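One chain, subunit A, links the two complexes that follow: it is found with subunit B in the first and with subunit C in the second.
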Partner chain A sequence: MAIIKTEIRRGVYIDSAKLMKLQRSLDDFASILDVGVIMGTDSNKELLSHIGLTSPEIMAAKPDELVIAIKAADEKSADFALSKVDDLLAARTASLDQDYLPRSLETATKMLPGAEWVIVSVAGRYAAGVTREALHLGKHVHLFSDNVTVEDEIELKKEARELGLLVMGPDCGTAMVDGFGLAFANKIRKGPIGIVAAAGTGLQQVASRIHQLNGGITFGIGTGGKDLSEKVGAITFLMALDVLKRDPDTKVIVLISKPPSPKVAEEVLKAARKAGKPVVINFIARAVTTLQDGNLFFATGLDDAARLAVDLVKNPPVMKGDEDLGLEKFTPQQKYLRGLFSGGTLAYEAQHILAGYVPRVWANAPINKENKMANSFESQEHSIIDLGEDEFTVGRLHPMMDNDLRIRRILEEANDPEVAVLMLDIVIGYGSHPDPASELAPALAEAKVNAKKAGRHLEVVCVVTGTDEDPQNFENQVTQLKKAGAFVDPSNEVVVRYVGRILRALAERNIVEADQIGKPVDLDQIKRPLAVINVGLESFSENLKDQGAPYIQVDWKPPASGNEKMASILNRIKQGSK
Partner chain B sequence: MIDINKANAYVVERFMEARPVATTMAKAIEVVPGLHENMLLHAGPPVTWERMSGPMRGAMIGALLFEGKAKNPEEAEKLLASGKIDFAPCNDHMASGPMAGVISPSQLVYVIENQTHGIKCFSNMNEGRGNVLRMGAYKEEVLNKLRLMESVVGPTVKSALEAMGGIDIRMIISKSLHMGDDGHNREDAASILWSIQMAPIIAKVAKDTQTAHDVIKFLGENPLTMLNPIMAGCKTMTAAGDNVEGSTIVTVMARNGTDFGIKVSGLGNQWFTAQAPIVKALYFPGFKESDACRDIGDSTITETAGIGGFAMAAAPALVTFIGGVPRDATNTTLDMYEITFAEHKQFTIPALDFRGTPTGIDILKVVEKQITPRVNTGVAHKDPGVGQVGGGVVSAPMKCFEDAVTAFAEKYGL
Partner chain C sequence: MAIIKTEIRRGVYIDSAKLMKLQRSLDDFASILDVGVIMGTDSNKELLSHIGLTSPEIMAAKPDELVIAIKAADEKSADFALSKVDDLLAARTASLDQDYLPRSLETATKMLPGAEWVIVSVAGRYAAGVTREALHLGKHVHLFSDNVTVEDEIELKKEARELGLLVMGPDCGTAMVDGFGLAFANKIRKGPIGIVAAAGTGLQQVASRIHQLNGGITFGIGTGGKDLSEKVGAITFLMALDVLKRDPDTKVIVLISKPPSPKVAEEVLKAARKAGKPVVINFIARAVTTLQDGNLFFATGLDDAARLAVDLVKNPPVMKGDEDLGLEKFTPQQKYLRGLFSGGTLAYEAQHILAGYVPRVWANAPINKENKMANSFESQEHSIIDLGEDEFTVGRLHPMMDNDLRIRRILEEANDPEVAVLMLDIVIGYGSHPDPASELAPALAEAKVNAKKAGRHLEVVCVVTGTDEDPQNFENQVTQLKKAGAFVDPSNEVVVRYVGRILRALAERNIVEADQIGKPVDLDQIKRPLAVINVGLESFSENLKDQGAPYIQVDWKPPASGNEKMASILNRIKQGSK
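Right, the complex of A and B next:
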């Protein structure tokens, strides 16, 4: 008849990984049927009862009490196993060549003053406290622990930003610094590629592929998966990007992320455009609408990102200076596009591409229903109007044949003081109006004059679709439009991207460059030879030892060893005194 | 808002600035504040006759026999149980006594003066090893030795100290830490330094050469000669940090064989106590743990001042008491840095690159890290009159510190 024996220990704190190890070791003794080593929380007790390990003693255990429950074939075996608990707990598996394990981060920093990094992998509810302590000691933190609240994450990252320190995490598995890996990481050779990742395995994949392609990295900085959420606002990501931007050894930057908040992704891209070096981007689930936008190179996947980065190192692109978009010609109120299309597909493509430049484009025939204009006859903000849609063609010829409606709309839009850009498509060929430019160009010219009279500059851009063998003659059309002052190109994409750049620049023009938030990370400090203080899982210290990096393992315990009452009194005393 | 950090810095600074000097010897009743004819001082926090441990009872009996207040042990016991004798902790009377720590009115005590702050503290003379009053022994030979100390050793030492203008105790502690002492359980070097400084003077001031011989032999042969002056010296250091508003530094740790007690600077005169622990010890042949009295003595004033167990890295030889390796001694000291406020400016440890000893136990750190002070100590037999049975290490009970933290929060409305 199997028996259950229980031992309850009060006031002890043992790392959960160690508890699991203890459980496994106890299970290995002869005649032991089942073992549960848990802290006495309700959920843990429930777990035990599922495997039939339950007793009044277990049920009475409190969350800060350690429960060792053993089901054995006989009492003697159970007692034997219990008698081994202390030995098993004392056994050190990690073969760290460290004579003394400091009990606190503070002591560890004295023992290894050169350590600029602290890995934190303690239980989630204590992780924020340890991280804060590390920040106050002036250390960057690799916060491996999960179950840190997003409120704590935001608070920690904001504080870190003030101090010019990185909080990589929470729930950040990977970081690679100075040729060494912290926590889960690969052995990647040093090289000129810097990676920022809100994606642990993503970082490992990209870094490994770079290594396989004979590339190497300066930094692989994980930020934790929530960093690009709207709440956290990419605090660490932007700081890390700034580090790579300033780091002279980093020639190419790679940014990767699990699906980010679209708004935050735009913020990141905005910063990336100012990096002054090539930046490869792979944000999973974010549509790639172009392969290159200035210094930004969009990858279709992780592997593509690695390849692109390696290629860009080998064949550095000529980095053009900022394009002169003539922004000064516009009034401060001017910021919107009005696209007056005759072709449905061209209108759709314009919407699709512009999504990469501006937050929202309204349309009467939107790709996305939520962007549908309230009224096709009245533009709002950025609007793309397909004049070939039914509401415009009832009792009227298609706009490819009849220019009247478009001309009226051109003049109307030009009077809107908020409109900066007018875009038209001119589709020629058989079936179309015999000379559309002859009617549209004067209207565009008039629109520009009207705007000018009102003190504005109206940018007019046209895509002309057709060939030199078409009856209307392509060149002839282009010449007329250019004479009217339009920017003309046969490629819809080229024209739309040009528009996109203008719109983006106009939007950003109005944002006064925010004062430098927080303090920049000290590049000299972060580039010193790696030395690490490890608080939590000993295996991370072993990894560092294997890699030959200086480390200190801290024999960490939660405040008051998890005695909540004493911990809260200590906290009150700390809060209430200087 | 209280500024704990500032208060603690002030307290610890006073610990370290204190410069105790042994100036003379005097009858306890003439110099110890508050001591009266029918009072006996003892080690540790307050305790009643009923709860008193064996060795302390034995020492009380011996003290009454020595004082001539009782003719035999039975009479002494009756008197002690009668309520006519007041018991008071040495620590509440600016004194410090090893093991049972019994100081009776007519005993000669060292007068140790902290010349920085003008604080005087007192301790009796060390009787050496073997059957001694401080271990609760009160046989005739014990009393005879006490009488010899009172009539011959004490007066000669008094004359010598006065003639030489005192002995700087802080200086001896500093030197002895560089000679393998911890300042508590191992006083070999300090005792030699003390004796050697005094010997030439004794040769001059002793009433004859036989007396000089006897006194120098008594002092020189006892490796614990310096324990008592060091304890009183440490008491003058920590007393300099008493009663500082807002400080969380421990100024007294003491045990009476029944309870372990502490006092905290910012909490006035209140004792915080818990059951005294059993010492993890190496026992002399023929004795075992079940013979041991619970932890006893005021000698933990040394750890309170930043030496003793806290300076164990300086005294690797002591690890034989715990069957460890020298590394354990170093690690004990390193652990104590985790719960102390400062590193001593005067007391340094060669093996730690002359780092100052961990000084100023902070109750907040003790409770936060759940590390209590480590103490090196001797172990008395639990029965009166048997004496020392071993030596070893012990950790102070956490409860004293947790109670003190709770009281601190209450007192300061936190």
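Right, the complex of A and C next:
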């Protein structure tokens, strides 16, 4: 009959590598059937109970208590194993070529003054304190620990931003700097691709695929998976993006994130558009509506992101800025689009594409009901009106045959001082009006003249759908519209994206950038040869040793050796003495 | 002082082309300032009032009453214009080379027995009746009319499905058959691309772009914009897809839709996967999560759909069926995935990709909260567990370092008789376990053996993330896992899509196909040289004449000449006499 024996230790701190080692070693003793060595959290206790290791004593353990549970064939074997616990805990887990282990970060800094980075992997409840200490010593922090509160994360990151330092994490699995890997990291050759990732294994997967495709990286900067949440607001992500933007060795940037807050994702994209370099984006579960938008390249997955980045290094793309848009022609009041469509699908596609450029487009036939215009006869802000909708066609010819309604509306919209762009679709072919441009072009020209008289520039854009074999003469339609001053293209997407760029640029024209970057990260500092101070798991120091990077392992112990009651008393005394 | 004069005509039916002609002609008379000729719907009355043409008389008009409103400089001019209305209405609007205009569809059918198509563009309230008549004569119907109720649409389409006939519409703007265009249609060269579209101008845009790219089409089949709504359930769309699937001249299929019902979209994709040909898809506003899934190619827009289709004709892709999946190895009970991840991002990406293959995947760290597992320690249906989540790592090493938890879970999941696939990610590199495969591969092999003993096949798949320069030896990791019987790839996407195909195929294995096709459309009939009977707008006959296609214009009049009261009495008499 198997028995279960338990030992609970209060007020101790042992890192998780040692706990694993202990568990494995106990398991190796004779007649031991199963072993659980855990901190007494609810989730850990549930886990033990799930594998049949449970007792009232275990269930009563607290999160800061160490539980050693042993299932053995007999009591003697269990007791023997438990008697060996102290010896096993005393054994070292890593082999480091470091004679003296400093007890404090401060001492470590003096021993390795070139270290610009500190890895922190102590238990979550101590991690914020260690991180703050490192920031005050002027170090970038790779905060590997998880179980750190989001409040602590926000506070640390805000403080770091003011100091021009990166807090990568919490729960940041990986970073790659100067050809070396920190914490969980693959050996990736150096090259011209820089990666920022709120996605640890995402970063590892993309970096590994880049390496497999014969590419290489400058930096792989993890931020922790919550950085693109609404609460954290991409503080580290934006700082890291700014570093890669300024780094002359980084030619292509890759941005990866676990499912981000849509709002924060838009903020990041806005910053990315100003990078002046190609930026590949894979935000998991964010819908890809286009594969390219200016310097932004949207990947459909991690694999695709790696492939794209390597391709873009080999074939640098031609990227259009907003210089060609001639924004100075518009008055400060002009900002809105009025789209007057005859084709329902083209109107839908326009709404869909514009959603990537402006926050809201009203429509009489909206994709989402919440964007339905109050009144189809009166435009509001950005409006797209499908004049072929049933409401307009009872006892009246379709607007592809009869231009009357559109002409009236063109002249009306052009008089609105807030309108910047008029968009029309001209669909030719059998069934359509025999020469639509002959009626629409003069109306468009008149609209432009009226606007000009009022001191405004009205941008007119048209998509012409049809072929050279259609009865209307395709080229002639295009020519008439161009003569009236319109931007014309046969692709609805090309026209709508041109409109989108204008609307976005007009909206951003007057925004004074909030200074979200704080103090910029010192590029020279971050590009110095890597040296690291490691606080926590010794294996991370071992990895640095194996890679040949200078490191110092700190022999860190929690305040009052992990006895939280005592620590709290000490803390109160310290506070009182200030 | 301008005056407004109005004439209301009750119980008349005049087609909208004639109304437009009347409006334009009245507008041309001297001293006439503006003219409105409309049917008295609320929306039309609002429109007139919006342009300053309003009076109590107009506002009182009913939807079936014709309103002629004239704004003139003086009363005399208005009266003169109104006196010309009868003459203007008597004038013909089109020039057809047809001596005799039959009054009924039946007579028209006898005059042009080769006509397999009827275009219906009479006013919405009469359109269902005419369509039903055409179906009973064995004709496919291009139902151009709008303002037809969705109840009528459903009834007509269901009836047509039983007869093996297409009802294209209502509100179907365009169709392209045998090199000719019906209603609104561009002249597109013949070629190997077949298009089905619940999107009139979408079809025109894509067909035109294909032509511009030197491609050509077999069919362009419109279905009406509501065909992919939940109510209609893609009746015509699925029938048309089936036609293109069977048509040997169609090598590539393109499917386009206005924003579809997500559920109906999935049904269509399911049918498309069985087409045995490349199928390009652009459903507006449906998120593109992959560019290719087997024979399906997802376009980001109309333009992209055209480009893709032309490319696929030039470079026929290698398409994998499901033959390689070896489904026969699984028991009928086996259907679920258990994904045991160490990498959070990889787990998220797996969920995101699998959403395209199965209805629901549970997770302890779900993309959508509604998919959160009730208990992280107990899998349910398809489950993806990220063992690196905080709940598993308090006082315990990360699963990339410590395989213990995963090994226990592997053996547990393998005992579940409903589990078909186990997926793991193995992330190597610095920081990770020095040889994870040495512990995981034996556990996987054991799991497979246990399943086999119970008469099951357990499919095991692994993504290995890392590089050839990592300390673990990448190739050696892969080899160990393959030896244990696992499918292994360095791309998370490749592995997850392989899993997705298995899960989808297992789910569909036992489904007996509901017969959604009814009677298949007769391919020989639909591919005969085009001849058309046209009921409604004469200009559509004119277009056919211009294209050299045989046609018959029907001189259609509504029952009781549009007097609805009289029509209702006649109808009651007719019903009573049955």
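Simple rule for what comes next: the second predicted complex is superposed on the first by the 463 of 578 C-alpha atoms of A that agree within 3 Å, B and C clash if a C-alpha of one lies under 4 Å from a C-alpha of the other, contacts with A are read in each partner's own complex, and residues count from 1 in each chain.
Convention: contacts are C-beta pairs under 8 Å (C-beta built on N, C-alpha and C of every residue); 3 or more make two chains touch, one makes a residue touch a chain.
All of these numbers come straight from a predicted model, not from anything done at the bench.
Student: Which partner does A:R103 reach: the first (subunit B), the second (subunit C), both, or neither?
Tutor: A:R103 sits against subunit B, while subunit C stays out of touch.
Student: Let me test your reading of the model: by the given contact rule, A:D178 touches which partner, first (subunit B), second (subunit C), both or neither?
Tutor: neither
Student: By the touch definition at the top of the document, which applies to A:P559: first (subunit B), second (subunit C), both, or neither?
Tutor: first
Student: Once the structures are superposed on A, label A:T345 by its partner contacts, choosing first (subunit B), second (subunit C), both or neither.
Tutor: In the superposition, A:T345 touches subunit C alone.
Student: Which partner chains sit in contact with A:E267 here, subunit B, subunit C, both or neither? Use first/second/both/neither.
Tutor: The answer is neither, since A:E267 touches no partner chain.
Student: Given the superposition on chain A, which partner contacts more residues in subunit A: subunit B or subunit C?
Tutor: So, of the two partners, C touches more residues of subunit A.
Student: Tell me the contact category for A:T289 with respect to subunit B and subunit C: first, second, both or neither.
Tutor: After superposing on A, A:T289 lies in contact with subunit C but is clear of subunit B.
Student: Give one of first, second, both or neither to describe whether A:S208 is in contact with subunit B, with subunit C, with both, or with none.
Tutor: second
Student: Inside the complex, what are the residues of subunit C that reach subunit A?
Tutor: 16-17, 19-20, 23, 38-39, 41, 43-44, 46-47, 50-51, 63, 66, 123-124, 146-147, 171, 173-174, 181, 183-189, 197, 199-205, 208-209, 211-212, 225, 256, 258-259, 284-285, 287-291, 300-304, 342-346, 348-349, 352-353, 367, 376-377, 388, 390-398, 400-402, 404-405, 408, 425, 427-432, 463, 465-471, 490-494, 539-540, 543, 546-547
Student: Which residues of subunit A touch subunit B in the complex?
Tutor: Touching subunit B: residues 11, 99-100, 102-104, 107, 557, 559-561, 566-567, 569-570, 572-578 of subunit A.
Student: Contact residues on subunit B for subunit A in the complex?
Tutor: So the residues of subunit B touching subunit A come out as 1-6, 246, 327, 330-331, 334-335, 337-338, 364, 367-371, 402, 405-406, 408-409, 412-414.
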